[in-house]
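Two complexes come next, and they have one chain in common, subunit A, joined by subunit B in the first and subunit C in the second.
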Partner chain A sequence: MNMRRYGRVFREFFRACLVEEMEYRSEFFGNFIASFFGVGIALLTVHIFFYQTDRLGGWTYGEVLVLLGVFNTLRGFIDFALRPNMPRLLEHVRRGTLDYILTKPVDSMFYVSFRHLVFWRLIDVALGLGVIGYGLYVERYVPSAADVLMFFVVMTASLLLIYSLWMMLMTTSFWVVRIDDLSFIFDSFFDTARFPGSMYRGAVRFVITYVLPAVLITNTPALALLGKWSMAAVLAALAVAMLFLWASRRFWRFALRFYTGAGG
Partner chain B sequence: MVIRVSHLHKSFRVHRREAGWLEAARSLWRRDYRVIEAVKDVSFTIEKGEIVGFLGPNGAGKTTTMKMLAGLLHPTSGEITVGGFVPFEQKPEFKKMMSLVMGQKSQLIWDIPPMETFLVNKAIYDIDDRAFRQTLEELTELLDLAPLLDKPTRSLSLGQRMRCELAAALLHRPQVLFLDEPTIGLDVHTQENVRRFIVDYNREHETTILLTSHYMGDVAALCDRVMIINYGRLIYDGELSVLTEKLAPYKRLEVRFSRVPDMDWGEYGEVAEIEEGTVVLRVAREKAAGTAARLLERFDVRDINIEDPPLEEVITRAFQEERV
Partner chain C sequence: MIRKYIALLRMKYIEMLAYRLATFVWMTGAITQPLITMFVWMNIHPEESDSFVFYFMAVIFVERMTSAWDVWELDREIREGTFSNLLLRPLHPIHWAIAENIVYKWLFAVILAPVWLVGAVFWPPLRPHMTAGQAVLFLAAVVLGAALRFLLSYSCGLLAFWVTKVAAVYGVIDVISLFLSGRIAPLEMLPPALREWSEWLPFRYMISFPIEIATGAVDGGELARGFAVAAGWMAVFVAGVQWLWKAGMRKNQAVGG
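After this line comes the complex of A and B, so read on.
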């Protein structure tokens, strides 16, 4: 895969989507306010929790804010690049226009996951980063260069993990062509990642940590930035991300083989 | 040769279900499958620069064959090479040398002008600026796109959109072009324009074109060679004119009178139609000229026309035969 070429194609997708948004003069301002409110409410919720206690699953107020910031940033990325593509793939499969995508000389998985971007959702990414900064300020913690580096590494791993999980869900649209939006399945489990994993108990905790690693996705980057990382955890996060990416790729290929009748 | 197909087979396993909700419920846990052979032992070759018409009734296997040629379906057995590539391997080099246009499906981005789709394709096909500008200029001229390029696709008429679809498919200068029902739903005038474009473009660039169509007009105007497929089998592959001679060894004589004489026409030919002032006769090819002369001599004829039978008639006959 030629990275520079894919960079160019991605830029072109972005540009076309920008033009598409402008066509409808999407309410940039309205969306901005909505995002702002969303973050405000989330902050308020955390604040109310901490009237009762000064720890949440062992995390301090500032630490939970950092976690909330990471959650918001990642969700911003999901809404920016992944969510808009889910219903489109269903439509492509249903109407047969997937054929056009399969005749294009770019990777089809790349195409179906990034063709549609909702750029104003990047506001959530920015707001999330803001909340992270605020959390660090509350916590009075200045991350070292190593903390920041590790943060970026595990953040990348988290993004890859989210992408893979999302992609696997999306790929099921080859068989489940009648559900218009499968993203609620993703949302219901990703919402658990808003809070420290240590808050959950028993089977739930096990599932969201190891099976559908929602908690790992947000907790690990937050901990890294707070200086509580270990090389083992970082490597584990990367390894898990790679494993899921590989699995989602295999699943996509399997689905295509099904679609094109190549047995399987 | 550009396209080579030998002993191509494709069968699908389809889920069969009786009507009724009880049956529907039963099929949730027990499914009956049936194997449908969509393409059976099809072989042909197409040379560079040929335009070949692919004909057949609905469900005959045209689209299935075309999809296998474009690498979208995996053959059950048999071999295909297109431009030296095995389509189903879906190599990027293969994808860059071919293009597919489906009359009933659009690749244009609905809400924004066609130009934006062209730019996306430019990036996808990795076309450099100069080549892109040149090709676009040529296509704009040939397809008269200038007034359409900056209008949102959703506001274009079907015909305008089809012209843009063709341009979008040709920007990367494919050597092989698959057209699946490219004129479907278009008005007669636009059909004509699209046909003229296809002929001109083929002549200019020696693009190899395989086309399916329901409209005999398309085939008559575009293709010297036709392939007819029925029930998944190739029943004819050859020149259109030969097919006509073989299946319709007669000509149509359309004779117009001031007043149609009330008589038995059996001596001249078989009556196909008889109307106010006009008689249409089917006459054996070799006798057509002589019969016309005799008619002119004996009757007060206002006008007389000798023509080949309409293609629809020929093709319908072909479908009825097992093998042509």
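After this line comes the complex of A and C, so read on.
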């Protein structure tokens, strides 16, 4: 795949969506308030839990705030680039307009996952980073350069993992066309990543750690920034991300074969 | 009136059958958040795990039984103008909404109650310890809670005659209720100030109150006071819906005329 060319195509998607969004400038303020409100609620929730305790699954108040910040940042990215595309793919499959996308000289998986972007959701990314900063301040911890570097590495791995899981869910729309929006399935699962994985028990803990690695996605970056990273964990995160990316790619190809088979 | 209601219920039942899959998905959709919260509390107070399991399972059950969706329906119908069709029918539109609520909640009860019973056989924490009197009061409180939530949602929906972003207004109310109805924490775990607010606002009576009756956390004078406060809010909401309805009809005709 030619990276430079795909960079240019992405910039073009970016520009087209920005122009589109500028048409609805007046909504910006309301969206801004809504994002602030959401973060405030999340903070209040954590505060209520810590009214009764000083540790949650072994994590202190400040550490849980850093985790919450990571969660909010990642969710901001999901809402920015991935969520707007889900209902559109369902629509394409149902109406058969996916054919037009397949004939375009761009990779179809790239196109269906990034064509539509919702910019104001980047506010959530900024707020998430703010919460991370506040958490570090509460914790009185100044990350070292190595911590920050590792944070960015595992954050990239987390984004790849989220993308792969999301893509796999989106790909099922070739078979499940009856439901308007499958994203709530992802949300239900991703909500578990809001808190430390060590908090869960039994089978739930096993599933969200090893089968659907929700815990890996948010906990590893938070731990990295708090200076509690290990090379093994970082490499494991990268390996798992690559594995899921490969699987989602295979699944997309498989679905496309199914689609063309049915259409032809 | 009863014959009309039977006809309405039958219609709504058939309508529901047409959307089986969506109904099912929607019913299971609201489960994760209470479960995650349950894990949080089990982690904070491990020695009380069993009571948290019972509490949050009951939250899932009661929340489904009292859930209200009319605000989105009304918002859409009023905005798109299809609400006028309902107005032409000989029966007040609120009866259609009530019939729909009865049908869906009856279905929830018919599915969820046996699931709970089977669960209780295999999992001791789920076994309720209620006297017959408690059970009757529990059911009464659930019905009262459902009515309160329905009226709140319906009156918010009527605001669509004046405001375009009704869903956002209701979203804010819903978030307040998240804390004060006992979904984020059993109310006894809240800081005292919030706890006191919860007793006087309507949200506690939409979810937490029936569960408190079932676990025996509230009885005697407090129980009577709880029902009194809920009844008071009921009167306020009924009056509110009636007033909004009248004012909304005037507004509606003014625009249409």
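Criterion: the second predicted complex is superposed on the first by the 258 of 264 C-alpha atoms of A that agree within 3 Å, B and C clash if a C-alpha of one lies under 4 Å from a C-alpha of the other, contacts with A are read in each partner's own complex, and residues count from 1 in each chain.
Here, a residue touches a chain if its C-beta (ideal position, glycine included) is under 8 Å from a C-beta of that chain, and two chains touch if they have at least 3 such contacts.
This is a predicted model, so every value here is computed, not measured.
Novice: Will subunit C clash with subunit B on subunit A after the two structures are superposed, or do they fit?
Specialist: Verdict on subunit A: subunit B and subunit C fit.
Novice: For A:L122 in the superposed arrangement: first (subunit B), second (subunit C), both or neither?
Specialist: neither
Novice: According to the stated criteria, A:A233 is in contact with first (subunit B), second (subunit C), both, or neither; which is it?
Specialist: neither
Novice: Looking at A:F37, would you say it contacts subunit B, subunit C, both, or neither? Reply first, second, both or neither.
Specialist: second
Novice: Check the residue A:R201 against both partner chains and state whether it touches subunit B (first), subunit C (second), both, or neither.
Specialist: second
Novice: Just subunit B (first), just subunit C (second), both, or neither: which does A:V138 touch?
Specialist: In the superposed model, A:V138 contacts neither subunit B nor subunit C.
Novice: Quick one: classify A:V9 as touching subunit B (first), subunit C (second), both or neither.
Specialist: First partner only, subunit B.
Novice: By the touch definition at the top of the document, which applies to A:F184: first (subunit B), second (subunit C), both, or neither?
Specialist: second
Novice: Can A:G96 be said to touch subunit B (first), subunit C (second), both, or neither?
Specialist: Touch partner of A:G96: subunit B, not subunit C.
Novice: For the overlay built on chain A, what is the smallest gap between any CA atom of subunit B and any CA atom of subunit C, in Å?
Specialist: 12
Novice: Report the residues of subunit A in contact with subunit C in the complex, numbered from low to high.
Specialist: For this pair, the touching residues of subunit A are 30, 34, 37, 41, 44-45, 48-49, 51-53, 56-57, 178-179, 184, 188-189, 191-192, 194-195, 199-201, 204.
Novice: Residues of subunit B touching subunit A in their complex?
Specialist: By the definition above, subunit B touches subunit A via 10, 12, 67, 70-74, 76, 88, 90, 92-93, 95-96, 98-100, 102, 105-107, 109, 111-112, 116-117, 119-120, 122-126, 152.
Novice: Would you pull the subunit A residues touching subunit B in the complex into a rising list?
Specialist: My answer: residues 5, 8-9, 11-13, 15-16, 19-20, 23-24, 95-97, 99-100, 102-106, 257, 260-263.
Novice: Could you list, by residue number, the parts of subunit C that touch subunit A in their complex?
Specialist: Within the complex, subunit C touches subunit A at residues 21-22, 25, 29, 31-33, 35-36, 39-40, 42-45, 165, 168, 172, 175, 178-179, 184-185, 189-191, 194.
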